[in-house]
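Below, chain A partners chain B and then partners chain C, in two separate complexes.
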Partner chain A sequence: MEKYLYLALFSPLVGSLFASLFGAKPKKLFVGLVASTLLFVSLFSSIYLLCYVASSDNIIHVKLFDWIKVGGINIPFGFIVDPVSVIMMVTVTTVSAFVHVYSLGYMKHDEGFNRFFSYLSAFVFSMMVLVMSDNFAGLFIGWEGVGLCSWLLIGFWYKKEDVAREINPSISPSWAANEAFIMNRIADLGMLIGLFLIYWNTGSLQYDKVFENISTLNITIVTLIGIFLFIGAMGKSAQFPFHTWLADAMEGPTPVSALIHAATMVTAGVFLIIRSYPLYSQIPDVGFFIATLGAFVAVFAASMALVNQDLKRIIAYSTLSQLGYMFVAAGLGAYWIALFHLMTHAFFKSLLFLGAGNVMHAMDDELNIFKMGGLRKTMKWTAIMMIIGSLALAGIYPFAGFFSKDKILAVAFDSNHYILWFMLWVGAGMTAFYSFRLIMLVFFGDERYKKYGFHPHEAYWYMLLAMAPLAILAIIAGFFEESFEHFVTYLLPEYHFNIEGIKEVGLIGITTLIALSGIVFAIYKYSKGGFNPKWKENFLYKLLLNQYYIPIIYEKCITKPYAKLSKIAWKEFDVRIIDATVDFIAKIIYISGFKGRVVQSGNLSKMLGWMVIGLVILLLLVVLYSPVR
Partner chain B sequence: MITLTHYLVLSAILFCIGLVGVLRRKNLLMLFFSTEILLNAVNVGFAAISKYYMDLTGQMFAFFIIAIAASEVAVGLGLLIIWYKRVGSIDLDTMQSMNG
Partner chain C sequence: MHNILSLLVFFPALAGVLGFVVRKDSIRAYGIAVTAIEFILSLWLWFNFDTTNGGMQFVEFLPLIPQYGINYYLGVDGISLFLVLLSTFITLVGLISLTIKKNLKNLIISLLFLEMTLVGVFVALDAVLFYIFWELSLVPMLYIIGYWGGDLRIYASIKFFLYTFAGSMIMFVGMLYVAYMYYTATGTISFAITDWHRLILPYDTQIWLFLAFFIGFAIKIPMFPFHTWLPYAHGQAPTIGSVILAAVLLKMGTYGFIRFSLPIFPDASIAMITPIAILSLIMIIYTAMVAYAQEDMKQVIAYSSISHMGVIVIGTFAMNVEGIAGSIFLMISHGIVSGALFMLVGNIYDRRHTKLMKEFGGLASVMPKYATIFGIMLMAAVGLPLTIGFVGEFLSLLGFYKVNPWLTFLAGSSIILGAAYMLRLYKKSFFGPLTNEKNKNLKDLNAKELTSLIPLVLVAIWLGVYPKPVLKPINKSVTNLLQLMEKKSITKEAKDLLKENRVKLEAK
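Up next, the complex of A and B:
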């Protein structure tokens, strides 16, 4: 079995290294093919491991080698395949394998084709390390690895110039990449502190040992650990107040948005909470905070998606909002439901993003949905698949989102957090509305693109083929709910619902009702030509369109003062004190050399004189300091 | 009675004479003479101490120094003659083609 574990883990790495050999060379198709093939090797190995773990209830645990062994610290490079990590492995490799195939078409005319596949496979490897590691240190390595690959891929088109925020809210790919990286760095500091606290108090970073000892610790320490780990999770999963980077990360190529910023990397925060469930189930107060923040972000992000005009940003806000749902489930102790929503969300969200990629391709990278419309005539299959994705996102039976999202709402209601439930319920309505607003504006209505001189065309057949499995999964994944629950509750705690019968049906009915009314409202409004332009003057509209002015507030209150502070530190402290000290030492040496160079006159008798003086000094020293008098 | 001290005093006086010669003289030939005086001052010291301790090593060393001094003078004089043929002077102060 270990063989399959290594295959699943290392074939993306091999693919990445292979592609990196051709990184600076012009496009070579076989580079992408090899990387994709290796991803499929990884996918099939993961599925095989899933079948093995499911059928035998065994956990595969291997220790590759000792990594850090200093004094009392012993951190091995170990990997574990248990129900939680194997579900993550299958989700990650499924989405990434199809995204790799899709990228073959999407990046066809890009000069960085080989480089792209190298980064993309490196990302998958880092993600696999993150989910498969059996200790917090390995998880952190993967955590930083995915952060690095995310930075590389957001800034993939790093040659684009910076533009004003009014024209493009994300300014430029390299700006967005740096923003994402720095935001994550700030949050990762919290995570690191959490890891240090864990090591201090339990003496180990291995999951099993840490979770064994966690119940013996002081509750304050456990709370602190929980808070600091969650700060790390907030950064990676782009929860408020670290959320601004995710929307800006849409500057990266669309397959990257689908893979990293929707399906896999951003869910790492949720995964961390799920993985550390023995810790979080000790501290329900922190859990409640997580759930509250999740519910807030669910509504907050959905509200921004309502008015945005950028195709990819709408889907990015929707990702944020769905991550909020996952955190609600994880915070309220329904860990398996969070994992379930994570999985279904990965399928339909990557599907939506890939569809958006097709639309972008057809529209020469135009992103404003008000310049599109009526695209269903030329892009039938993309339209169908995006509608499937949107239905799944809105949570309509029988699509995948229905099962997982309804469960989260049921959990919120069941644990008597009616306010949270209400927020999520409103969020569900908004989700349905903005999804179908997007569908209506892009695929139906007038063909506004003609005015702008676009000539849309359907994507290549293999790009559609790569999307098809995701579309199928977005439809059927929900039906695996019971077997999924049975499988992961082998490790994760079960969640017992108190509500039954008519109440449960009623809840589902109410949720479906608001989702349906959101869809109907969007279809009705936008088939009639949309909202009145007067709405654009509305304060609320401007507030939402400008993302609550948060990026501007951040810039004014944090970035600019920080830049000023840095400038002071540079001009006053660095130049005047540190540089001056170093320069002073150098100057002394320089001046003494300048003064002393007359010694080297070239005159032999003078030089002999100096030699004799030196000799006399040495003799004197010998006489003065010799131990024998 | 001539004791070790006398020899050592002689050696020191000779060494000082040689040192002053090395420092003060400007003629390269005189410099060679001074060097010889320096070396032989040391030789006197070696021979005297060797006799005092009844150890032949010092005298052996003196022989080595004589041999090395001879070869040094041979090479040095050869160079000196070539230098004189080229420049027409063996004054030390004229030999400063490199200075800082």
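Up next, the complex of A and C:
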């Protein structure tokens, strides 16, 4: 079995290294083909492992070699395949494999084709390390690895120059990449502190040892560990206040957005909470905080998606919002439901992004949905698949999102957190509305693009083919709910619902009702030409469109003052005070020597004079300090 | 080869003397050959090093002035072994990358002499011998900066020389006083560091002596607020000067802390943890900010060196195996990474004769190999896991966390601020459109430059993935060091700290 573990883990790395050999060379199709094939090797190995774990209830645990071993710390490169990690492996490799195939078409004319596949496969490898490691340090390797790949891929089109925020809210790919990296680093510091706490209190970073000892620890310590690990999770999963990088990350090529910034990397934070469930189940207060923040982000992000005009940003905000849902489930102790939503979301969100990629191709990279419209005529398949994705996202039966999202709302209601439930409920309505606002503006209505001279066309057949499995999964994944629950609760705790029967049905009904009304409202409004342009003058509209002015606040209150303070530290403090002091001391020595030089003039009468003065001083000293007086 | 250490110390110097008779056009090959042999010798030292032994190995002893306890006394342990290897490796790589044409012969001879002093400092076990090598290292450096440097070279080299020299004088007085204390305790004078390690000093004396040594080390490292000579030295020094200065010379100070301050003045060191940690903290945060404000690529790296040295000092004063071993590892890794970064800056300076970031932009599209290697080293500098930079930084901070969580939290900001100034540099120089006409026809790295850089890249990744060969000997010697400190500490605070400062194994 270990053979398959290594195959699943290292195939992407081999693909990445292979592609990197051709990094600077002109486009070679076989580079992409090799990388994609290796991804499928990884996918099939993961599926095989899933079947093995599911059928035998065995856990595969291997240790490659020691990484850091010094003093009391011993970190090996250890990997584990258990129900949680194998679900993540399958999810990650499924989406990655299809995104690889899709990219063959999407990046076809890009000069960085080979480089792209090298980065993309490296990302998959890092993500596999993240989910498969058997210790927190290994997770951190993957954690930083995906951060690096995200930086490389957001900044993939590094040649673009910086523009004003008004023209492009992300400024430039390289700016967005740096923002993402640094913002994540801030959160990573929290995570590191969490690791330090774990190490000094349990003497290990291995999951099994840590979780074994966690119940013996002081509850304050456990709470602190929980908080700091969650800070790390907030960065990767772009939770408020670390959320701004995710929308800006849309500067990267769209397959990247689908894979990294929707399906896999951003869910790493949720994965961390799920993985550390023995820790978080000890501290329900922190869990409640996580859930509250999650519910807040679910609504907060959805509200920004309501008015945005940028195709990819809308989907990005939607990702943010769905991550909030996952955190609610994880925070309230329904770990398997969080994992389930993570999986279904990966399928339909990557589907939506890939669809958006098709639209961008058709529209020469135009992103403003108000310049599109009526695209269903030329892009039938893309339209169908994006509608499937949107229905799944909105949580309509029988699509995947219905099963997972409804469960999260049920958890919130069931655990008597009615306010959280209400927020999520409102969020569900908003989700349905913005999803179908997008669908309506892009695929239906007038063909506004003609005014701008676009000539849309459907994507290559193999790009559509790569999307098809995701579309199928977005439809059927929900029906695996029971077997999924059975499988992962082998490891994760079960969640027992108290509500039953009529209440449960009622709850589902209310949720479906708001989702449906959101859809119907969007269809009604935008088939009639949308909202009155006067809305755009509204304060609320401006607030939402400018992302609550948060990026500007960050710039004005953090970035700019930091740059200014740095300048002062250098020019004023370092040069004018510290260095000037050093030079001043040196100068005093020099000047005193220079002035003292007159003593040594060589003039005999002056020398005699100095001699007399010296003699007098010596005599005086003798008189004053004489021991015999 | 039981005289391997003497061979390591004096072979480059002798070869340097012989270098005067070597013909001008073959001096380069000669220099590379000598440093390559030296490097192979140091590898031999490593392969024959007994990793299970934490004490001094390959010891050589020859009485020089026995009446005063001054002897020719050399030895190497896990702490100094890799600093020796670092010195020989960086000198070799630096020599390969040399592009200076002017008076090359003198430069290479200076470098060979410098190599002697570097190796000498790390293997000397006699304080006088240590001091001699310590001070002698200034001479070739003064010459390198003063002769091959930029416009302000005279000012920079004199400042470098006098500043560090003033610090070392105070340290030397401290050394004399320790020897005197040894005399009062035992009746014989000894300058052997291993003898001093056994000496138990009264607390007040320890504090004063600690401060005397501290001045010498702090200026060398350089710690805030004694750091202002460094930006000038780097700004004016030729590439090779900066490489050796940042990679090896600065490590002499942090090495001094571990070799002298900790074992000889354990109680004072422990009493000084907080003040020193605060100074290091200022170093980390303040110089990272100054680095962020720089306009010159080389100055960014120069200030970033100071910031990283702050993490090393904090790790050293963690007073546990994790922290000290981490700080030693970080010395090695910072040597590799900063050396490589200075060489990379040198590469672009050779092409464009400027280091100002605003002159560049979009370099990634004309010089992809250069951008890749720079990128890898940048990631190592910001401490990405699986690169060499992570292990040391992680362990240093991990170790210090046990001593003071709050200060560690603040020191941890180095991972954020470090990313900020490095990514700013990278974005300004490598990303964006290629606007400057002068950059449009730049040549990518040539064979010579790649030969010097690729070994550094390989080491940076190898030791990031598999740091065990380095950590294992360090671990052993540091454990010994801490046992020694615990045994000889006299104050209750020190004893308690050293006892508590580890993971309780019974918990497992």
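By definition in this document, the second predicted complex is superposed on the first by the 572 of 629 C-alpha atoms of A that agree within 3 Å, B and C clash if a C-alpha of one lies under 4 Å from a C-alpha of the other, contacts with A are read in each partner's own complex, and residues count from 1 in each chain.
Rule of thumb we're sticking to: contacts are C-beta pairs under 8 Å (C-beta built on N, C-alpha and C of every residue); 3 or more make two chains touch, one makes a residue touch a chain.
Only a predicted model underlies this, so the values are computations on that prediction, with no experimental measurement involved.
When both complexes are overlaid on chain A, the residue A:Asn603 reaches chain B alone and has no touch with chain C. Once the two complexes are laid over each other on the shared chain, residue contacts for A:Val622 go to neither chain B nor chain C. Once the two complexes are laid over each other on the shared chain, residue contacts for A:Ile502 go to neither chain B nor chain C. Contact with neither chain B nor chain C is seen for A:Ile167 once the two complexes are overlaid on the shared chain.
In the superposition on chain A, A:Lys567 contacts chain C only, with no contact to chain B. With both complexes superposed, C is the one of chain B and chain C in contact with more chain A residues.
The residues of chain C lying in touch with chain A in their complex are 159, 162-163, 225, 227-229, 286, 289-290, 292-294, 320-322, 325-326, 362, 364-365, 368-369, 372, 379, 382, 384-386, 390-391, 394-395, 397-399, 401-402, 405, 408-409, 412-413, 415-416, 419-420, 423-424, 427, 430-434, 465-468, 471-472, 474-475, 478-479, 502-505, 507-508. Every residue of chain B that touches chain A in the complex is listed here, in rising order: 19, 22-26, 92-93, 95-100.
On the chain A side of its complex with chain C, the touching residues are 23-24, 65-73, 137, 140-141, 144-145, 148, 155, 158-162, 172, 174-175, 178, 181-182, 185-186, 188-189, 192-193, 195-197, 199-200, 202-204, 209, 213, 216, 562-563, 565-567, 569-571, 574, 578-579, 582, 586. Taken together, the chain A residues at the contact with chain B in this complex read 597-605, 608-609, 612.
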